[in-house]
């Protein structure tokens, strides 16, 4: 209905291969970016930024990271939480060792540590697949979690065992530490997420993205077409872990201010996995949708009783939230196992062929 | 060069093909899985530019033979000579980079991708721009992508599949999937193209189309083709030479008409006990 | 743009001259696009000029001389269009030929035209031409567009298109003065020179080569451009046969004179997508294209959900009520105007979008009468679809419907500079600047068609209605009389029948007989879809055609036609009294239709003589055996017992209700 | 350093055999409990190909229900009976609401659904019974509580908790019962038929839905037994959920469809974990129990990807 594609033709491959070949999509994205970069900063309050937008973006990025591995390269991982942790601890150590270096730079560098460790744990993927591979990543999850607890050097021997983020400025604006304003944090998180998402989208539409999908769809055929399975999978593990690592670092630097090992537990891994599955395996847009659903819905649920004037203990609300989220997850899996991205695709297709059914 | 090929009981190779250079030689190859013999002491050659058919009853070891040629299985005995050099044990992707492409008996397309992307995937080996450029997209990566897109579009044009260019392959009818798979193999610009039952499950018209494409590939690009096929009519029409396997052994080798007349072959197809 | 008046006077009187002019004036504007290799490859006017020049010089090198004929065979491709102008630049005459015509037909045309060169699309056409060695002795060289499969052919008289152009470029490089010489070469050419020869498929006899001069084409084209305010901003889709005058005028003559862009689709399978992508602003299609688009809309809507269908039906109702009025600029109530806006958003806009007609400024349909329902459907959507009446011999335009004066049953007013008159026997005659020079090597036919004063017999019977619009009833020679003296216009009846989507073809008989009898061909798509919805099982066309429910449905349609006829004083006497549904589809391969899908009445009458006999001997069924040619060329036969039904006649007056 | 890794632990084992035996016993009991959890997984996986992540929470849920019912004044044995009924309802509900609509979906989707189920049961359990750890009503159920010390001559003594012995016995009974169930009863044979070939099972007139409800119920019973035993050793708390992840390495070792495999795998992991933790854990700061099982499974996988009992996989093209 809204997709009036008549008259949109491509006279070059550049145009044909652009990320959003349909004009209406380009407009849609522009509007979204405008909202994110202009409207929200102008209108949103601190609560909205801190409790909804910043975590949403952080999780979106983490979900993109996992989606690269699971959705595009087809390798199941249950360890994304720990890889986020690696990023967080690496960034923390880096800021301690190089206090004068730009914190955003360090956050971006911290991802490389996560990438390296991710690649190591990806090594077994050459021989094992599916659920078996999940064991490898679970090993990573529990082993790394253990490291966060047992290696005091990682948290600078703090008595609390937690990492606390120091105040860091950039261009005279405080961007990390307790004093940083939500708006400053929001812009940093938004910028990093958008840029990484764009770079990932670029990788995915080129040779490397294709090689991942080849491995995912039919690994034997991929190999017979000249794809080296180990290299390709390790690259996926590396890239995925890098993104998760950056997301993990952002999580503590620009959102939580402090983190304990339990912040990066298996629960987080599952949360990210849910975002990816519900959002849609193999879809970047889906990662955002999944993150929105898994993060924003519970926040939203918490406020329902209050706004309705019903007095329910916070604990009960939390329990109910768990139940509702669990039930909704099952519900959406039944309705559309391919996630919100597929729902969106179907909806879009309907709009494109409207009023016809096909 | 090798005594095996000149043993008397084998039909002799027709002169024009025989004069051509060997692209691939298989010498005394045997392959077994945990004691079960799939291939026993097979030798044959594939000459540059020819269409070579491998035929035989079910379970004759034809697909195993292809798997040996492209490095998926490693024979316990025997040597494989590729373009004049004895080949060491290698991985399938190395075979690919040496110029061996193939299609599969049961279509093995990348189901989550479009026709275009599937054929683009055949260009993987020829694309070199590194991760950094890929990430940037604009610039070298895009240039490379477009350069290869052009090649792929030529293949799409060649195979007359323009209308399904952007259709996910999972939605295509079987005959078209087979065609896309051929396109994907062609995109590798192989020296040797292995086709595992390219016409299985096709109707007459589709078979005729596919035969034409195979012949065109052979003539237009000079690609050497080795194919497994059950439809004897197709084999006789297409191939320059035929090798016949039965129970993992070679029972005949030569031009189609000779092979067709061979008593051993007739027996094998009629199921005379050994 | 201001271009209109200017273009009419400037630009030159031959296509090569206009080409030079356009390259100068429009320079970097896109002149041609072709969907090839996945994208719309584009050429600007300058590039087109260079391409044509190189080819032209190359052809000259190969020995093409003034006055020689060049056959053009293939689907709509920029290179083939260029070949025509390249030939014209040397003074040679292009002869576009229907690419899908059988070898025998093509051989006749090429032999008759004595072509010396041929520019063809691909291997298939090359093979075809090579096989005509003996029938076309004059043919010397063949130039092909697509190299595939031709590598190993003997290339002494066979040339790759690009190679010919390279040859031209080489000449150009050697002597830079060649370009000037080339331009000087066609400078003296006059508008009265022969520009092109088009062979009419003709319902009877051998095809005739219609010679059209540059003046014919260029003046007609300029008039048409001015009439519909077309300029260089238009986009058209070139998808109809190049050998057909319509395509020649739309995609070449008008494109050159207006300077607009011609888009060639990727292949026949992708036309719908290609049209959607390009969204032509000026669109021409014979009625069958509009019919099949409408059928596919209806079939798809049948599969839509209930709510959607109800919404569709509702808004289509609104459109039928007020759409055409709004389009014609008549007054409509505010409520309807608002509803129409809403409908535009929910239904009409998306529909036009899916059909790729969103940007259509003007659309024409011609060639045959279009069903009033179909015609109104498109107009109600807000599409400025119009009818025209034309002929190859007239360089298309005889009458056109002016904006705002659209009547479904008439074909419009005389086109600019066209004079019209009706002969005693009802035949329509015209005189215009587009009137052809003559039939090639057939003076006799020329004389019998074109009078000394330049009037041309259209062969169609018709009359000019009170509003000044021409109304065509039938072929003049087909119009006959029943034994009781009532006027019998078979085509008129047939068209009325064909307006029902379920009826694909109809052949009416009655001249010199007591009453009217009709053969009917059902439309497999429409009736098949109906059968699916109503759980009617059938294994073949034949079985479906003979199904009692299908018969009942067709009977209703026939009755409706009779009622219509009864309300028209001139036609009331010739109502359909008996009909049968044919057991096979009429097919061009069997010679029952022409290549342009027109019914060959006499041939059918001969072929199905037993059935005609049965129509008039009162029997209720008849067993027949018919020979058919299958797609692969094999010949077989089908047998069937065909049922024949009687129909009552309605009272010849406006009192239709009383007849019930 | 090398001494600490390669020699010292073995020296200790030999010089302090009583302690070593105690460790082995601990490992054995842990292993039995792992095996029980893994058994629940195997039951469901065998019949429906679903990897049931909710098995861990089912253990907790079963334990909580039992204790919770008792806290409301219901006698222990009646509470036990009621809990069994609850597990039956749960099994039926899961089959109806979750499994049936998701039939034929890819593995990962089913896996996700069971994780969703986990969320739901966590919320539901906490909502009904509260989030605090609870004491298992072992005594009320008549489980032995004391301990027996076995003297080992001069070399010290090994202390065995009676509850552990009971756990081992119950596990053995459970496994035997299941083995009989699978081999001797009609339903059991049907279950095996389903595991082999869904179509074949349908053709002999067995309803797939019934079978799934039954296996989920059986898994629920196993969960209840596990919950009681584990609860009696520590507490009934949601922390148990993490323990359930240990089933994964156990299954890797034993294979996803083999009941004896689950037992042996459980024991290997149990022994390995305890011995590793006691004798080598200290070297790196302790607590390696949390990941050692996975590493063991991982190493194992690299050398024998098909598991202990699987056959070598030949890939076909």
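Some points to look at:
Should a chain be cited, it is by its letter among A, B, C and D, assigned in written order, with residues numbered from 1 in that chain.
Operating definition for what follows: contacts are C-beta pairs under 8 Å (C-beta built on N, C-alpha and C of every residue); 3 or more make two chains touch, one makes a residue touch a chain.
Bear in mind that the values here come from a model prediction, so they are computed numbers and not experimental data.
Each chain gets a centre from the mean of its Cα atoms; the one farthest from the centre of subunit D is C.
Of the two chain pairs examined here, A-B and B-C, the one linked by more C-beta pairs in contact is A-B. We define each chain's centre as the mean of its Cα atoms; on that basis subunit A and subunit B are separated by 42 Å.
Inter-chain spacing, taken between the CA centroids of subunit B and subunit D, is 50 Å. Subunit C has its Cα centroid 47 Å from the Cα centroid of subunit B.
Note: centroid distance subunit A to subunit C, computed from Cα atoms, is 57 Å.
The set of subunit D residues touching two or more other chains comprises 315, 317.
Shared interface positions of subunit B, i.e. residues touching 2 or more other chains, are given as 72, 104, 108, 149-150.
Residue numbers of subunit C whose C-beta contacts span two or more other chains: 38.
By the touch criterion stated above, subunit C contacts subunit B in their complex at residues 36-38, 148-149, 151-152, 266-267, 269-270, 273.
Chain contact summary for the complex, subunit B toward subunit A: residues 70, 72, 91-93, 95-97, 101-102, 104, 108-113, 117, 120-125, 127, 129, 131, 134-137, 141-142, 144-146, 149-150, 184, 188. Residues 13-14, 17, 199, 202-203, 205-211, 213-214, 216-218, 220-229, 235, 282 of subunit A are the ones touching subunit B in the complex.
Residues 33, 38-42, 276-279, 297, 300-301, 303-305, 308, 311-312, 345-347, 349-359 of subunit C are the ones touching subunit A in the complex.
For subunit A in complex with subunit D, the touching residues are 76, 124, 127-128, 130-132, 134-136, 138-139, 142-143, 145-146, 149-151, 220, 224, 266, 270, 273-274, 277, 281, 315-316, 318-330, 333-334, 337.
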